[in-house]
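Chain nomenclature is as follows: A, B and C, assigned in order of appearance, with residue numbering initiated at 1 for each chain independently.
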Amino acid sequence: MTPEPDDFLRAVEAALFVAETPLTPADIKLHVGEGGDLPAALGALADHYAGRGVNLVERGGRWHFQTAPDLAHILRREKDEPRKLSRAAMETLAIIAYHEPVSRAEIEAIRGVQVAKGTLDVLMEAGWVRPAGRREVPGRPLIYATTVDFLSHFGLSSRRDLPGVDDLRAAGLLDPVDLALEGLGGQSVVENDDEDA
Amino acid sequence: MTPEPDDFLRAVEAALFVAETPLTPADIKLHVGEGGDLPAALGALADHYAGRGVNLVERGGRWHFQTAPDLAHILRREKDEPRKLSRAAMETLAIIAYHEPVSRAEIEAIRGVQVAKGTLDVLMEAGWVRPAGRREVPGRPLIYATTVDFLSHFGLSSRRDLPGVDDLRAAGLLDPVDLALEGLGGQSVVENDDEDA
Amino acid sequence: MDDLFIAPAIPSPETLTVSFEAWEGPLDLLLSLARTQKVDLREISILALTEQYLDFIDGARELRLELAADYLVMAAWLAYLKSSLLLPRQEQADPSPEDLALRLQLRLQRLHAMRDAAARLMARDRVGRDVFARRKPEGLRLVKKALWRASLYDLIQSYGQIRARTQPAVHIIAVRPVMTLDEAIQRVGSLVGAALDWTRLESFLPPDLDAPKAKSALASSFVAALELARQGRLEMQQDGIFAPLYLRAAPPNQEAVA
């Protein structure tokens, strides 16, 4: 079924294998010369690699090897590492959830503490927060909102499922009990190294 | 002739294709999982690529794709010329490879000249030689051995593949060097600028 | 391949015009000379080699080349070896000159073997020179993906904390039901005159008070009683600590005295 590859085909194969970028037929000829039928060789190679883990593809007149699309997952193997959100991230998420869409300045006004950029990054990386356009006020600040993933992670069918302030009070979650313990100085506190502190 | 490759084999093929360094079977398993017979897949792949422009080879327990040696002339570029080793460095590398682990004094006994510090540095910088502990004799001299990268670079599956190693061993030319017997002149010759002359 | 590392060819000892930089020491020179014998190193004649070496050094001396000390040391050692080899056997020292010659031969063989091995090693198909890996592999990545853990409770608790921390605290003091001191003086003062004998303090309180107001009324009435007593308008009596407190109007004569 697979005929023994001739040297011209082998040369084309090797040239494409080592290439740093996709190659045009002219690029390939620079390496392998004119000693064969290049279109035929490319066609034969593409056929040969069609069902394999690596495919030869042509994109805009340039040829290159790439891994089969269905194998992408093995090349970027992800390892889950459970981590707990920092308090700053948790609070920022809560504010976005309750007040969305909100700008960073608004989050800071509500938290009474500056928000490090990294905090929002973490929430976006987690897939729970997304930029939701800009507010049409001077400075056009970016505004943030929660995502569908946020709802599903927290088991909410919509943001209206979030307990209201009255519910929180009834549950004792608004009691300022730990205020003294937190020792929060308020406005001048920056939670970590933030470039726009 | 070539059976349709299964997904496990395809995954192994793709992983080896995108890898930046040669992979041990353990590395490969990390990505493709345990869902297949890895040694069989590697063997099948090596067979499949044997006559082609790209080959799958095993070097020191690690696998990688490389172009076929006979195609070197079409693939070599000006800048590809690997570092030129001095004669001293080449001999030192050979002595380490065939005798490892060896101390500097043992290398000197064979070469009849002192080993310039730069010589070992060059070999270590190339990633071909590494310190391999100390010999438990008076003075506890540092001993040197070759690396897996040495095997990869020189296309050796293992040190048993070193050219002529069996004949040399049979001829007794690789026996441990008896430093006490090496009372001949030469020890004070420094091959070049060496601070511990 | 054997000749890859041979130092500049030595046509014959007499025509040497070569500097010592060509060799890496006496052993290297010896090996080069040995190779000119064109025999297997195992069959080399150390005696002949010694002759060659000494001739070479002599020739070099005549050519007024600078001689490195090591070459002269080797020359002296070889001259000693040569004379020992020519001596009758019984006068030989230990180790025997044959032994020394054998060791020198072995050393030359070893150096030659390693030189040959180096050449064969360098001639292999080397990665980056003869065989090539992909120049820009995409790379296998093990991405550590943070799996963030947070519960709905964490979320709402956080929100509660923010609200609790940042909402302005408004303290409203409830209007509590009290009987003022003035009221109490008024009431106790008017009622005590109507009482004929010792009467308990509680009897002076307004009827049907709810609990908070009753407490306030009792406290105010007690203070009012003290005030009225101070003014001499009533007398107070108590049999012991926490015993009931009795009031009655002061006798008129006492009021006159006061």
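The working rule: contacts are C-beta pairs under 8 Å (C-beta built on N, C-alpha and C of every residue); 3 or more make two chains touch, one makes a residue touch a chain.
Given the structure is predicted, the values throughout are model-derived calculations rather than measurements.
Q: Connecting every touching chain pair, does the picture come out as line, ring, star, complete or other?
A: Topology of the interface graph: complete, with all chain pairs in contact.
Q: State the chain with the largest centre-to-centre distance from subunit C, centres being mean CA positions.
A: The most distant chain relative to subunit C turns out to be B.
Q: Name the most central chain, where centre means the mean of Cα atoms.
A: Chain closest to the assembly's C-alpha mean: C.
Q: For subunit B and subunit C, what's the span in angstrom between their mean Cα positions?
A: Those two chain centres are 33 Å apart.
Q: Mind checking the centre-to-centre distance between subunit A and subunit B? Centres are C-alpha means, answer in whole Å.
A: 40
Q: With chain centres defined as C-alpha means, what is the inter-centre distance between subunit A and subunit C in Å?
A: Inter-chain centre distance comes to 29 Å.
Q: Of all residues in subunit B, which are in touch with two or more distinct other chains?
A: 15, 17-18, 30-31, 65, 67-68, 75
Q: At least two partner chains per residue is the criterion; list those residues in subunit C.
A: Only 132-134, 138, 140, 142 qualify.
Q: State the interface residues of subunit C toward subunit B in the complex, per the touch definition above.
A: So the residues of subunit C touching subunit B come out as 5, 24-28, 68-70, 73-74, 77, 103-104, 106-107, 109-111, 113-122, 124-134, 137-140, 142.
Q: Inside the complex, what are the residues of subunit A that reach subunit C?
A: Against subunit C, the touching part of subunit A is residues 14, 17-21, 67, 75-85, 87, 90-91, 93-95, 97-98, 110-112, 122, 125-126, 128, 153-156, 162-163, 165, 168, 171, 173-179, 182, 184.
Q: Which residues of subunit A touch subunit B once you look at their complex with the stated criterion?
A: By the definition above, subunit A touches subunit B via 1-2, 4-5, 7, 9-15, 17-18, 31-33, 51-54, 65, 67-68, 71, 74-75, 77.
Q: Of all residues in subunit C, which touch subunit A in the complex?
A: Subunit C residues touching subunit A: 132-136, 138, 140-152, 154-167, 169.
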